[in-house]
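Chain lettering (A, B, C and D) follows the sequence in which the chains are written, and residue indices restart at 1 in each chain.
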Amino acid sequence: MSATEPATALELDRLERRYGERVALRNVSLSLPAGSTLAVLGANGAGKTTLLRVLAGLLRPNGGTTRVLGHELPREAPSLRGHVGLLGHDLLLYQDLSASENLRFHARLHGVEPARGEELLARMGLRERANEPLRSLSRGMRQRVAVCRCVLHDPELLLLDEPLANLDPAAAEAVAPLIGPGAARIAGGEPRTRVLVSHDPAPAVAQADLVLGLRAGRAVIAAPPDALDDDEIAELYR
Amino acid sequence: MSAVGALLRKDLRLELRTRESVPAMTLFSLSAFVVFHFGLQRSSLDGDLAAGVLWVTLLLAALLGVGRLFVTEREEGGFDAIRLAPVDPSAMLVAKALTLLSFLAIVQLVAVPGFGILLLGPSLLPALPGLLAVLALADVGIAVIGTLASALAVQTRARELIVALMGLPLLVPVVLAAARATAPLFSAGGASPPPLRWLGLLGLYDLVFALVAYAVFDYLLDD
Amino acid sequence: MPALPLHEAGKYVAGAYIVFLALILIYVAIMAARLGRLQRDIVELSELVDRADLGNDER
Amino acid sequence: MHGKALRPGLKPLALATVLTLGGAYVLAFFYAPNDADQGFVQKIFYLHVPLAICALGGFIAGGVMAIGYLRTGEQRWDLRSYVAIHLSLIFAVATLITGSIWARASWGHWWVWQEPTLVSFLIIFLLYACYQPMRFAIEDPERQARYAAVFAVVAGAFVPLNFLAVRLANPLVHPRLLGSTGSLPPSMELTFVIAMVGMALLWVTLWKYEITAKQTSMQLRALKRRLAERAEMTLPAPAPRRSSAPRPTPAARPAEPVEL
C-alpha cells in the first residue's frame, strides 16, 4: 500500500449479494477502522462465508457500496489483490505437495522471499514435517500451514473463518502472534485489521471492536461489544 | 511471468508426484494402437490411414488429460489462490496450456515411436522432421482448446462428459489439418514434405484460439 | 447426374418442405405449452393476491 | 429490462415474415423456372440455403451478444445470446435434414462427405448441441450465464474457421451451392433473395417471440416471489408459498383487478 493508508479498513453500505434469485447477504452496513477486529456471528447459512469472500474480492457484490482498504469493489478488486490474507474452510493448499513446497508456490505468486515460508513453518513447529506431503499431516498441522500461507505476504487485512478450528491450545497459542488480537504487520508494525468469523460467540466477541450479527443474510446486529447483551447474541443462533 | 513459472512448476511437480495424467494418456495411446490393429485387421498402415489412426489416437489421449487439467485447482483452491495474489489471472491460462503442452510432448515421445514400431509400414525416420513440425503446431492448438474446454467444464456436474462433447468438435479442424499434413509423410513410396496449406491452417487455428482464449479466460475465473 | 423426373423429385422436395413446416409447428406447440404454464402461474398469482387481501382485511 | 420494449415490433414482424416467406415459396414453385441440370429437385435450394445462412448468422450473432454480456454483465444480453443459439440450433437441424434430403435426391446418398457445407454443419451442430447441457450443468445462475457466454464466443470464432478447414479439405467446387448464386438466372436469384429475407425475418421473429416469452415468465416469477414475501409478512401465520389445494376454477375468482 501507499503512504495514504486509509483510516477506515472496511466501509460497507447496504452491501448485497445474491446467488441468482437467492439473497445471501442483504443490507449489511458497517464501518471498521484500520487495525481493529470485526467479529462476524451467525448460525450456519447466515451468510458469514459469503461475506468473507466478498471482502476478499473473490465474489462480486451485487448492490450497495463496498470499500475494502480503500478499494471499491467490485470495480477495484484487482488492486486489492495481495493485500488480504484469507483463511477459510478451504485451506488453499495442495494436498500432494509438502508444506514448504506449498508455501514456496504462494511466495512466488505474491513475490515474497521463499525463506519467509520456512521461517513461518519453523515458528509453527513444523520444521521436521515440512517436506512431507500435506496429505500425511494431521488436520491441525495443515491448519497451521494454512495460517502460514495466510500471513505469508504480510497482509493488512486478515479474513479468518474459524481460524482455531482443529488447533490444540498449544498450537492456538503459537498462531496468536500471527493472526490473534493485536497481530502486527512486519512492515511498519501497525496492527492488522481482522475479520473473525466464528460459531463460538464468546471468545470472538471478547476480541472484537465491532460485532456483526447475521441472520439469513441480514445484518441484525452491528454494534460494539459493550453495547450488546448475551441474549441478543444467543438469539442469532436460535 | 514469474507467476506462470510458479504455476507451471507446481503443476509439473504435482504430476510427477501423483502421476495422474501422463501415464494414463501414454498407456491409452498404446492400447489404442493395439485396438486399431485388430479393428482394422491390418498389421501395417501407411498414407492417409496411418495418419488418421495416429491423430485420432493422439486426440483421444489428449482429451484424457484435458479432463483432469483443472480438477486439483477446483478441489484444492487454486482458483482462489491465484485471485488473491497480485498477478494477472491469465497466468493460469498460460501455465495450464504449457502444462498440457508438456504432457502431450511427453506422451508423444513414447506414443509416436510406439506407432512407428507397432503399426506404421514405412520407416518413421525420414518422416520425423516434418512430423515434428506438424506435432508442434497441432499440439499448441490442442493445448489451447483443451485448456479452454477444461476450464469451461470443470465447474459443471458432468465434467468428463462435457470435455469430450465440447472438445471433439472443436478439435475436428486440428485433426483434419494434422492428418492431411501427416499423410504424405507416411506415404508408402517414401516421405514427401507436409503441404504448407495444412501447416498454415494449423498455425491460423492456433493463433485465433490463443487470442480468443486470452480474451475470455478471465471471465472463467471470476466469481 | 441426370435430373430426376418430376414425380420422383416431387417426393423429396415435398419431404424437405414438410420437415421445415413440421419443425416450425413443433416449435409453436412448445411455445403454446409454455404459454399454458404462464397462464397457470397467473392463476396462482391471483390466488396469492387474494390471500394477501384477506389477510389485510382481517386486521 | 421490460418485455414492453420488444413487444410492439412483434406483430408487424410476424406479418412481414408470413408474407415474405410465403411469397418466396409461391415464387419458387410458380415463377422460378426448373433448374437446367437438377430439375425440380433444385426447389430445395430456396429452403436449405437460407436456413443454413440464418443458422450460421445466428450462431455468430449469439457469440456477439455473448460479448455484450461479458462486457456489460447485463442479464438481457445473456438471454439474447441464449435464445439466438437455441434458435440457430433448430435452424441447423432443419439445414441438416433438408441438406440430407437434397443429397439423396441429387446424388442418391443421404450423406455426402464431399459436400463441405453439410459436413461443416454437422460439426457445428455437434459443438452447439453441448451448449445447453453445459449451461444447465452449472448451478449458480450468474456463473451459468458467464460460462455460457464464454462458450458462445469460443464457438462463434470456431464457426468460420471450421468452414475454412472443411472447405479446404474439399477443393471440388459444387456448382449449385453457396458460391454460385451469382450465376443463377435473374428469376431464380430474385426468388432466392426473397426467400433469404423471409427466412431472416422468421429467425428474428422467433427470436423476439421467445425472448418476450422468457422475459414474461421471469417477470411473473419475480412478482410471485415478491407477493409471497409480502403475504408472509402480512399474515400472522406463515402462508404456504405454493398452494397444494386444488386451484379454484377461474369462474370462482373475483373478476375485478386486485389492487396491490
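Observations
One rule holds for everything that comes next: contacts are C-beta pairs under 8 Å (C-beta built on N, C-alpha and C of every residue); 3 or more make two chains touch, one makes a residue touch a chain.
Just so it is clear, the model here is predicted, and its values are computed rather than measured.
Across C-D and B-D, the chain pair carrying more C-beta contacts is C-D. Each chain gets a centre from the mean of its Cα atoms; for chain C and chain D, those two points are 15 Å apart. If you average the Cα atoms of chain B and of chain D, the two centres end up 33 Å apart.
Here the spacing of chain A and chain C, counted between their Cα centres, is 52 Å. Between the Cα centres of chain A and chain B there is a gap of 40 Å.
For chain B, the set of residues that touch two or more other chains comprises 222-223. Residue positions of chain C with contacts to 2 or more other chains are absent. The list of touching chain pairs reads A-B, A-D, B-D, C-D. Interface residues of chain A, counted against chain B in their complex, comprise 53, 56-60, 81-82, 84, 86, 90-97, 101, 105-106, 108-111, 133, 153. Within the complex, the chain D residues that touch chain C are 25, 35, 37-41, 43-44, 47-48, 51, 90, 93-94, 97-98, 101-102, 104-107, 206, 209-210, 213, 216-217, 220-221, 223-224, 227-228, 230-231, 234-236, 239, 242-243, 247-248, 250, 253-254, 258, 260.
Touching chain B in their complex are the following residues of chain D: 70, 123-124, 126-127, 129-130, 133-134, 137-139, 143, 146-147, 149-151, 153-155, 157-158, 161-162, 164-166, 168-169.
Only residues 148, 152-153, 155-158, 161-162, 165-166, 168-170, 172-173, 176-177, 180, 197-198, 201, 204-205, 208-209, 212-213, 215-216, 219-220, 222-223 of chain B touch chain D when the two sit together in their complex.
Across the complex, chain A is touched by residues 140-142, 221-222, 225 of chain D.
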